[in-house]
């Protein structure tokens, strides 16, 4: 179950990465690389934090999904205006699966529940964060217009509870993944959002906030 | 002493991270996350380099400061035009404390003084660098208008000397931290600066330098 | 041979990093830091993935090349319009050497050939990727106008083959490095390129693609 869920989650994230590469006008190899970073990055960070040699680099099979993803995106390039939404959709699917695998792996390594949930969140948001950072765009993670980390946190918390109750199995996992995915997608569709970091500002602020950043320095 | 200094330093960096989140218009969870990255990132990198499981993920207490910081920034949002200065101020406070803890931890792990000082610098600039990179702004670390890494380097070097002389204790540490903090803040106030990477250019160059970057590629 | 090649490769990458610092208007310390990240980053990531304490931090000698590079760039600052080309040239030289050392180190650690080649590629593109990411520019790695990762991949693959045939020695290594370097440089000169991630788009797209990124979010 474990490896399979991981591979599927990696594929979803890899597609999100390759779609980002398409959106940013990168080439096919960059697409496979970005898909790999997006699909495998979160897990590698998790394993480094668990002080283990990343599983990713022990089974070459982990590198198949990113290559497949890059080829799929190359073959079926969607219309450019759809790209951002599609990145978010596949990203959400990966998010749902990774918040489970990340949390479980931490719990199996005897981490306390709090840390396990945080590692689950890191595993599930890490890949997408790296994708956005190395693509030089403001991370989706920080978009104040919808819910991202919260969806992963809910999924990770439910996973920790289910694991402690000893009721963690495929259907339960599938349900948790579906819930996290649903929260993320619904938040985009219905503009649910978390309050801004800056309590009382007007929502229109981010636009400027996001652009005056680099200029501010010089 | 050690843990306490770390927690205080983490809080200062976390506030800097959450203020950056406010400045960039991110949401409250993004604020806690960015505060966590800024406050804990440097230490995690240091521990990974020391090939240890990051202390951060063994004591959940390390995650309290970022949450507190995000709530403080949410509750007492400063005026937007003050944000950049405040980020720099709290960042400087964290810098002063982390250049000590980072260097000490490396020395206690039998690293040679040169490497220990470098690890101290990496620990103290790492969090702020990650904050700026994932916020998609040009890192403060590279701002040619003031002194950043040099302040951390002075603090780390003095720490290494004090440690080798066996006179490292709370007051000495406090003095070193205060000095590093003072150098950083004074350099911003009085525009002290290190020479540019490009020897003979006019100081007005950076403005263009910082903007033609991304465009250059395509 | 091994250490020497690494040091030379580190110097080339460090010069590329310091030139980028000059191009972006950073200061001298930022130049040494960026050179260090560019020259040592790939190797550190490789060692972390190999779950080893990074060699970089055990021999202070590794920090000499970045300091030298920063001083060279400071002393002989080229004309600004030449900077981007020079960054690419030194980057290509480092690429040629690192795709060999990275692959060999992975093979010596009993990694399977596929993973070893990938680690070689990661080692050789990692430093430049970090340089571009923390300089807040779109990574050269993703530039669709020339060949980057493919050159490293060819070098890494040939290294793996030579190692398995037991014919890996200095001249062979030099030949492989020269080939990878030549592919990279020729691709820039003659605009060889890999197909775009998005199959059927017009090559003029990237320009917009690279700029609408950040704005897209808010």
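The first chain written gets the first letter, and so on, giving A, B and C; residue counts start at 1 in each chain.
In this section, a residue touches a chain if its C-beta (ideal position, glycine included) is under 8 Å from a C-beta of that chain, and two chains touch if they have at least 3 such contacts.
What you see is a predicted model; the values in this text were computed from it and never measured.
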- Message: I want to confirm something about chain B and chain C. Since they are copies of the same sequence, is their interface symmetric in residue numbering (over half shared, so same) or not (under half, so different)?
- Response: different
- Item | Between chain A and its twin chain C, rotation from the CA superposition, multiple of 5 degrees | 120
- Note on the structure: In whole angstrom, the CA-centroid distance of chain B from chain C equals 27
- chain C, residues touching no fewer than two other chains: 25, 48, 51, 133, 136-138, 143-144, 206-207, 209-210, 214, 218
- Message: Residue numbers of chain B touching chain C in their complex, please.
- Response: 25, 48-51, 111-112, 114-115, 118-119, 125, 129, 133, 136-139, 141-144, 148-150, 153, 193-201, 205-210, 213-218
- In the complex, chain C touches chain B at residues 18, 21-31, 33-34, 44, 48, 51-54, 57-58, 60, 63, 70, 73-77, 80, 84, 133-138, 140, 143-145, 206-207, 209-211, 214, 218
